[in-house]
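In what follows, a single structure is set out as structure tokens and then discussed.
Chain lettering (A, B, C and D) follows the sequence in which the chains are written, and residue indices restart at 1 in each chain.
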């Protein structure tokens, strides 16, 4: 079982990361080292080309990886993104977006993950792909 | 002289990228291939550790590079981030943030830039550093 | 079927990329958008810590992605890496290394792939993970 | 003064990183947090397009950043690249290449640097730009 529950993670976000809450991102599924976050499109996310802007896709990938980290090490809100590399693959239209994160390597001090963002409007192919490194707080290293 | 003015860029953002407007980011300076964007800290940007969250720093670096692209090729809102790699160097406290972008290589189809984000509260050292690739719209390639 | 054969790809490398040939990297498998490259460890690849150095792992991931590109668009030696982001996950000991590349998104002008490098000595977990963008030559865009 | 000398660094490379020695890369200058590495072009580095291949440019950027790390923390051959992101900006012709590395942020456990690679044949504009994260060995953290 994941070492944090969906409810605990959502509460942590609601109380401590208001920016993510304001985007409307919700943790939909959590496995051991995996997490799926869903977000409904909103007109205020659009940029020229009638497509969702990059920072919103970044936020979605980042929060999904943050959840996947805690699925393995338990509640550790002090985990911090130290590097994130994102490729924008195709401009997603308005509509639901899904970020699926997966642990690549969990180390003692650093965790490396990847996240793929899908548009529910353009089925099948991903709209963004990210790789992230997270520094883990000392208390989480068991 | 830059090929877009600060006013034109700010109008483009106001009309077409509401998300950036909602962050309160403002273009402060524009050179030939350079741009500086400033943003005031807001409590809703904080994440655990009383520090500004990553997506906000990403947005700031991204919009500064977007402006630096247009400083050389003129108004081209269809320029799109294709890759962005960001290193978070130290957690910035609440307070003003400044992103300084600089063109590294302007090609016909792609532009590569870097942006450094500074905290006005912790003078001197950068809080984030990003490198971005932007795909340029055909009409801009003169 | 892949649009280039293993023999054709190996011949291209032998004739035109002597550096890769000198590393002893060989294309072992090729699918539609996938490629596996194998390389035997050599003492001259070691760096402090008795581990294979980063540039060799980079070369392996890069050539596997180059092959995976051609598996979908056919022989196109003018495909070029435009961006490569690599995370070194654990230091691989001497011994066989395997790079497995997979297409994430094939566009008209750019292809985005990922490659995972495994050590045959430390079974199971990856030693490096890379994401790469390749610019495709015009003649290949059919 | 830098905390390692050019001679000490070159000796370390000669004795412990034979791959870099075989490329013919030499440390040309060293400052506090900066390093310049030069390499002569060799026919065996070429790839299709009569241009120097990516792994060689990667190696050059990587070793320059490795030297710049030691310029600040002293001899620490166990410093290891944990992430390296490289943008290939234009294909460099045969001829001398120069990599200039610069520290962006030196932390206790991680250092973040950038390196720009220039071709001495195509004056002025860079041929590659890299950003790297290095994990620092415990003994170096004073």
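Criterion: contacts are C-beta pairs under 8 Å (C-beta built on N, C-alpha and C of every residue); 3 or more make two chains touch, one makes a residue touch a chain.
Computed from a predicted model, the values in this text were never measured in an experiment.
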*Counterpart interface for B-C, drawn from A-D, B-D or C-D and sharing over half of its contact pairs*: A-D
*Between A-B and A-C, the pair with more C-beta contacts*: A-B
*chain A to chain B: how many Å between their CA centres?*
22
*So what's the Cα centroid distance for chain A and chain D, whole Å?*
33
*Indicate the whole-number Å distance between the mean C-alpha point of chain A and the mean C-alpha point of chain C.*
28
*Could you check chain C for residues that touch two or more other chains and list them?*
82-83, 85, 87, 133
*List of chain A residues in touch with chain C within their complex*: 85, 87, 89-90, 104-105, 107, 112, 114, 116, 125-126, 129, 131, 133
*Along chain D, where are the residues that touch chain C in the complex?*
12, 16-20, 22, 43-49, 53-56, 58-59, 62, 77-78, 80-88, 91
*Residue ranges of chain D touching chain A (in the complex, touch as defined)*: 82-83, 85, 109-110, 133, 135
